[in-house]
Amino acid sequence: MNVPAAWYLVLAAGLFGIGAFGLLTRRSALIMFMCIELMLNAVNLTFVTFSRTLNDISGQAIVFFVMVVAAAEVTVGLGIVVAVFRRRSSTSVDELSEMKG
Amino acid sequence: MIGAAYSIPSVLVFVTSAMLILVGAIGVISVKNPVHAALCLIMTLFGVAVAFVAQSADFLAAVQIIVYAGAIVVLFLFVIMFLGVDRREHIHFEPLVGQRAFAAVGVAITVGGLIALMARSHWVSGASSVTTKLSSGGGNVKELGTAVFTTYLFAFEATAALLIIAVVGAVLLARRESATQGEESA
Amino acid sequence: MKLVIPSIHYLAILPVLIFFGAALALVLASALARGKVPLGVATLTVIAAAAASIVANYFQWRCVAKAGASVTIAHAVVLDDFSVVASGVIALSVIMTALVAHDWAIRERVSGVEFHILALASASGALLMTQANDLIVIFLGLEILSIGLYVLVAFDRHRSTSSEAALKYFLLGGFASAIFIYGAALVYGATGSTNLSTISYFLGTNVLLHPGLLYAGGALLLVGFAFKIAAVPFHLWSPDVYQGAPTPVTGLMASIVKVGAFAALIRVLISALGTQLDTWRPILWILIVLTTLVGASLAVVQRNVKRMLAYSSINHAGFILLGVWAGTIRGTAATLFYVITYAPIVVATFAIVTLIGGVGDEHHSIERYQGLARRQPWLGAALAVLLLSQLGAPLTTGFYAKFAVLASVVDAGGGALALIALISAAIAAFFYLRWAMALYSDDGPEADRIVVPRATAVVIGFGVAVTLVFGIWPGPLVTLAQHATVLFTP
Amino acid sequence: MHSSWWLTFLLVVPLVGAIGAALTRKREGRAYAVAIAASVLELALSLVVAFLYNDHVAKAQTFDFATRHVLSAPFGLAYDVAIDGISLLMVVLTALTVLLALLGARDRRQEPAFVAWLLLLTCFTMGSFLSHDLLEFFIFFELTLIPCYFIISQWGGKERSKAALKFFIYTFTGSAFLLIGILYLAFAHQHQLPGSALTFSYSALSATAMSHGTAVWLFIAFAIAFAVKAPIWPLHTWSPLTYAEAPTAGSIEMSALLAKLGTYGLLRFAVGLFPLALVSMRPVILTLAVIGILYGSMLACTTPDLKRFVAYSSLAQMGFITLGVMSGSTIATVGAVLLMFNHGVITIGFFLIIGFIEKRRGSILIKDFKGLQGPAPIMAALFTVVMLASIGLPGLSGFVSEYLILIGTFATHSWWAVVATFGVVAAALYLLWAYQRVFHGKAEGANAEMADATTHEQWVLVPVILLIVVLGVFPKPVLDRITPSVQQLIHHVAPAGVNK
Amino acid sequence: MATVATLLLLMPLLGFLSVLLLGRYMSEKQVGVVGTGVVAASFVLAVITFFMLIHHSSREVTVNLFSWISVGTLHVPAAMLVDPLSITMCLFVTGISALIHLYSTGYMHGEKDFRKFFLYLNLFVFSMLLLVLANNLVLTFVGWEGVGLCSYWLVSYYFDRDSAASAGKKAFIYNRVGDVGMLIAMFLLFSRLHTLTYLTIFERSGTLTPMIATLVVLALLLAATGKSAQIPLFNWLPDAMEGPTPVSALIHAATMVTAGVYLLVRMSPVLALSHSGRMTIAVIGGVTAFVAATIATSQKDIKKVLAFSTISQIGYMVLAVGVGAYGAAIFLMIAHAFFKALLFLGSGSVIHSLNGEQDMRKMGGLQKYLPLTFPTFLIGWLAISGIPPFAGFWSKGDVLTNVFEHNKALWALGVLTAILTAYYMSRLFILTFRGTERFRAETEGHDPHESPWVMTTPLVVLAALTVVGGILDLPWVHHDSLAGFLAPTFGYVAAGGHADTVAQYGLALVDVAAALFGLLAAYSIWRNISESKRWESPFLEHVWHWDDFYDATIGRPLTEAARFGDDVIEPEVIDGAITGLAVSVRRSAEGLRKVQSGFVRHYALATVLGLAVVIVFLVARVG
């Protein structure tokens, strides 16, 4: 018998949390992206797990779309990072606080 | 205990995937070098792929490896190298006061709360198989394909738009600088 | 096993197709013409596409009137009057933005083609959101909308703030998307589906003894939406992004994002999670209080009009949320009415801000507006009217918009909430009035007369006309909004 | 029942006048001429309405000229106008005020925007008084803020922007409560009659059944809005600054007219709609009114400039009006309605004269003046008449109204009336003191050379003086028009309170 | 009769209006003629009315003019009540007014605001007539306030003198305090009896509870103390001497200040209901009479002496009212009007002759320069001192006799006051007309000159009236005299028993003795002015520090309170709460701006924390 879905769900939640924490604490825009990817992977894992417990294929189908979104985001996001880097020679988001208040 | 209730392989697979995922994830958020972080990310992605396999999502596992590890992370690495930002980040120093503590508390509460909520619902409460049943074993590619082209047909079409716009955007962001130069040189 | 491709009601998705088709056409044209597509052609294309979309909306409206609301493409897309009206508003905003952007592009000497492509594509995302009947479709619409906007925000190559804003927007947007889709995952786990109709049916026929999972998912979805509509405390990106983005883009964001996000939010909260009203209402209550008050009071201390308008739009978001909070037909109609009236006002306002911003799009300090109405009475008066409308002064649509949402909230028993919101409006009045006063002060700098290009003038005139005409005679718009909600499905 | 077209004309004339004035060219003072023509026509119309209304009282129906057209059913938005004796008086005051304000502001004849705003304000104020529908009333009530805001912020004194903002936001916040209250009431009404359309009609809503607690809360919500507008202590602090900073015509409009919206609203809506709340709220509001009388009088004694002075004295007068409105006595309420009119006329007189002085001297600080009666005896005489009316000297208009208020209130709420009576002493104190400081003594320097009132200025004040005297000596026609309406209102709220 | 009475009332108004509207086209002389003429006409009409009333079947004739105020149960007609009391008042008011108008044409000759003076005077007469003729309290109040207003205007006639301006204001405000009493009396009566018409009040007054009746009486007394300058509101009257002397004669001696007494007399049926109320009235009257007399002994200004004397004499009247001797009060009022007007006009003549000097220390020896003023003044002096057979003796005697019957202590006080009266009047007389000439510095060496005929004629007439005034009400012919004529007006009062004739003669002797004692004392002390300083007490001269007391207990605290209100409460407490709110919005906004730090990670953190809160809420909700 397979391990309970709960384990995977907790694992996914943990991954999501780690990703969120990384997003909050890392300064490099690139690594923050990676953290977002981690979170999306947590989501994917959740979907797949639910797909199993619900015995329903659509959870897996959705993962597909999430991946596409992730890819699209990365494409544009990296483009933006590049654009910012060209101007500031840094990927650290802490240097981006010209606008505030 | 564990072994008593669940089959050993499944537990092992879970532990493996969990280890891969968590170590990779912690690596992503803790290593100083972006390149290493990207590599850690790959590790996590593998872990997730393992978890997919363990839960009868073989096709997705493959896609996970190909698309994520193969394309996305490579893209990351490419950019890292391209920009030459593989320097170390001083992660021991946190310029924003209290950021880490608050982040830890906030994330802990959130994740803890989410888990608590999920546990309350016995981890799942939905109706089984609204769309198509998940066929047991690894051979669910067909069902997956069917779902994508029926239930999620519109979503599938929309992804086309999404990708196109991403491409246009990326091109624009990348090309822009040269356009400026072109203008400036002109 | 035979693959049964679901039937596609093309009329239902015609506006999206038109928008996206136009965007593709422009991409192709620009590729074939090696980037030499004249700006005018691009602008005309956008306008033609949006106009065609509006025509399509008209036929959709008639179709709904004849056959009632329907779902299509495996229940993923809805065709009802609500979506028709919402997409009409989006199309209208796109036309207005395109006109403003046209003049802006000429002034800033940028190639407008990409701008227009992205605007069309983003708008198609917003359209998708208005029609989506599936969390995944909403998610995709959200992403299409957002990704287009990320790039648009970064569009201004002359200002570092533009790319800074883009990066901030992107990082936080990605974060919010992840939260949203995680929520979708949990809701999926709780209900077995991501389809709103199915969720609704499931929740209507099953009593969840332990709704924790659903709650968790709903909370995450709600936060995802709250981010998009910039509800406090998920609003922090918006002032920076509004400030950093090229001004026409800000106008676009302020209009279509709100329409799209609110349309989707209403579908999720009212259609799908309507049974959980008692649970999400308190959360919204707090959100509304924070959003209205923080938005208004932070706007007071701004000197940059774009930031000020950002906070103002946060305040407005709080007001629009009021209609959602009500959770009734009246509330939904009020929300729709609010966005219908708000979109033209805000686009026209940003059109003026674009003008005053001058070459480089950098002069957004409020001092810049000193004495504007004395130098250029019509422009000044137009801005004054737009500001008064945002303030909620009677005889403008702004008043009825606020009135409608407040009425729905009071009807639903939220007198205190309505009062708090109105008090925030009083705080907000402070900066609208200060701005309006600057217009009429006579100690302004000796500034050059600002030339109002024809296209922008049309936009401004249209915005003012809409707010005044329907401010005096709100009947048709009210009926429209009301009608749109009556045939709200599911 | 007369045709409602008369009332519609009352609304349209100033509007058309405003548009006409705004569109004319600057130099030749044409805008001013248009505005004067419009306001004369408006006054004539209002007098016609007042005249027509006379027949009607005999038939003992209180609301006349009524009509109702629903404009937007989902919003319950309707065009619903009607007047009774109470609003009739306010209508005439509205028309009168704008004419006098315009005449007094002849030096601004070159500014079309100014007169246009004034006429627009008149239109909105007129609308508020004519409204027989709460939403319609609210819309007009709110609309009045906009012309006021622009008049103050563009043509005001040194601190005009501060004053304008304070005024606007203060009032705006106050009306927030009103709007919520109106909505709550309308929905309460709608929920009581399942299937009925949303309506804000006064006559419909006045039949709404509600619990005591609800009535109290709604009353408070309404009262806050009106107390700010009136102003009633302690929500008055916008008024001294605003009156002082506004241009003369603006001060006139605001204190003579817009303040009455507050007390009128209090009477018509707060009292008229929530009789149940009166038992518990009366003592509260009456106490505030009395405090306002004494407090306003006290501060009027020491305040440094003339417009602030009028502001504080108005605060005291508003206290009297509020006292009458809340007393629950027919006599006092009639007195209050009459005092609304009289105070309007008196304040117009005050501000006109202060405006004339300001125009000559560029100052309204009391300490800058001395002995003006010497060089300007006519001005002093005119001021004296207005002042005496304000003091409540019998034979002048102020007395009749104040007396009615006090004697009526005494019958129902003796102690408040007794304390308020000392306000009569206080009024004499601050007015005479101010008069002494400005007009008495030996004029020196610029004071000695100040020109007396010109013929034009005298003629502008003639109607004011005439009204003060005529209404003091022969108020009967006015009282006869007010009394039945007030009786009806008091009768409506009577079960909840004393009726004497 | 209605027409005549109406005309009687309206004549002065006619004068007022014609001067007001046409004054600028009229010469000074014409104004004087019109002003005096209308009042004289009024007098003639009053006489006619008087005779008509005597021959009328009823002694109470109501003349309705029009409905003034009519709301609900409150009906206030503009109507006149012609009865013995009002017509008596009319007669002496118009008569004396006519004389003083005539006098003024001379006295005010060449003044800048001559027209205005007559304007005010005519309005005053109109108001006074309205006051006495009104058939209800409200209309009386109109006249009551009208005379107060005219008094204000006339006192501050020389408005460019700060002291005059302040005095006018003071007069008005003290009167206003009294008015509160009148208003409250009206409120009480209306709330209990639902009417304000005199006759109806009297009919219904039986239903008043003693408590209410006492309150009404006390309120009326407050009104009377204001208008008639009694304790505690008396000290506006001396200041009112800032006005021109005819004004002092007419308004602040003969007519207006007696309005309070008139009011009390008019309301006598109500007074009858409250014994304690009447007692209070009597005490106030007696004490005022005494206090004012003491003060009068130490004043330096001739008009101030007369002013305090007026207060003192009115004190007698109030005392008489208090003991129920309404007839005596009215008798003294009329007699006092004669001799006090005479004295004032005489003093005016003196002042006129000395170019406006009013300080008695700078007079003396004027006897030979003022051949007409001197004898008339002499008559006035003897009359007020209570020397028979002048009017003062009879009237004061009448009062004291009545007081004796009711209260011995008050009678003793009255006699003491009589001594003081004789004393200070003699002092005044001696300092002015006798002794050495001390005025040369003021007249720049010239001899003082007698006044023109327009001024002396009234003196002569008044002197004549003073001489014969006593016959109005001689003690042994009560029934056919003034008292008998007035009696129906007080018909509701139970009359007290009369003392026997012996006692009356005894009392009369005491009066004469008191007067003579006062005269002799004054003569012995003031023969030589330089030795007499010690008889002037600073305490008395400063009016018992009464003003200082008010200033310290009411004036200054109120001013301080107003300042405090202006400086602290208004800007910092009330508005402070509002602006504080605004500031706190701004402050919290500034605080929130810090959250908006520009760091994207902070933004993300806020999102997470917000999410955490939502999740916690839901966890709590799930349980």
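Chains here go by letter, A, B, C, D and E, matching the order in which they are written, and residues are numbered from 1 within each.
Here is the rule we use: a residue touches a chain if its C-beta (ideal position, glycine included) is under 8 Å from a C-beta of that chain, and two chains touch if they have at least 3 such contacts.
Not measured: the values here are computed from a predicted model.
**Student:** Fewest touch steps from subunit C to subunit D?
**Tutor:** 1
**Student:** By mean C-alpha position, what chain is farthest away from subunit D?
**Tutor:** B
**Student:** Suppose every chain is reduced to the average of its Cα atoms; which one is closest to the average of all protein Cα atoms?
**Tutor:** That would be D.
**Student:** Could you tell me which chain lies farthest from subunit E when each chain's centre is the average position of its Cα atoms?
**Tutor:** B
**Student:** How many Å are there between the centre of subunit D and the centre of subunit E, using C-alpha atoms for each centre?
**Tutor:** 37
**Student:** Starting from the mean Cα coordinates of subunit A and subunit E, work out the distance between those two points in Å.
**Tutor:** Inter-chain centre distance comes to 95 Å.
**Student:** With centres defined as the mean C-alpha position, give me the subunit B-subunit D separation in Å.
**Tutor:** Each chain reduced to its C-alpha mean, subunit B and subunit D end up 69 Å apart.
**Student:** Taking each chain's centre as its mean C-alpha position, how far apart are subunit C and subunit E in Å?
**Tutor:** Going by mean C-alpha positions, subunit C sits 77 Å from subunit E.
**Student:** Could you say which residues in subunit B touch two or more other chains, in rising order?
**Tutor:** 96, 99, 103, 106-107, 110, 113-114, 116-120, 123-124, 126-131, 146, 151-152, 155, 159, 162, 165-166, 169, 172-173, 176-177
**Student:** Residues touching two or more other chains, restricted to subunit A: which are they?
**Tutor:** Within subunit A, the residues that touch at least two other chains are 9, 16, 19-20, 23-25, 27, 33, 49-50, 53-54, 56, 58, 62, 65, 69, 72-73, 76, 79-81, 83, 93-94, 96, 98-101.
**Student:** So which stretches of subunit D touch two or more other chains?
**Tutor:** 169
**Student:** Return all touching chain pairs.
**Tutor:** The complete list of chain pairs in contact reads A-B, A-C, A-E, B-C, B-E, C-D, C-E, D-E.
**Student:** Residues of subunit C touching subunit E in their complex?
**Tutor:** Contact set of subunit C toward subunit E: 167-168, 171-172, 175-176, 179, 210-212, 215-216, 219-220, 222-223, 226-227, 233-234, 236-237, 239-240, 279, 282-283, 294, 297-298, 300-301, 427.
**Student:** Note which residues of subunit D are touching subunit C in the complex, please.
**Tutor:** Contacts found on subunit D: 71-72, 74-75, 77, 138-140, 142-143, 145-146, 149-150, 153-154, 161, 164-165, 168-169, 172-173, 176-177, 179-180, 183-184, 186-187, 198.
**Student:** Which bits of subunit C are touching subunit D when the two form their complex?
**Tutor:** 330, 333, 388, 393-395, 399-400, 403-404, 406-407, 410-411, 415, 418-419, 422-423, 425-427, 429-430, 433-434, 437, 440-441, 473-475, 478-479, 482
**Student:** In the complex of these two chains, what residues of subunit C are touching subunit A?
**Tutor:** Going by the criterion above, the answer is residues 136, 139-140, 143, 147, 150-151, 154, 160-161, 163-168, 170-171, 174-175, 177-179, 181-182, 184-186, 188-189, 192-194, 239-240, 243-244, 301-302, 307.
**Student:** Given the complex with subunit D, which residues does subunit E contribute to the contact?
**Tutor:** Residues in contact with subunit D: 66-74, 138, 141-142, 144-146, 149, 152, 156, 159-160, 162, 165-166, 168-169, 172-173, 176-177, 179-180, 183-184, 186-188, 190-191, 558-559, 561-563, 565-566, 570, 574-575, 578, 582.
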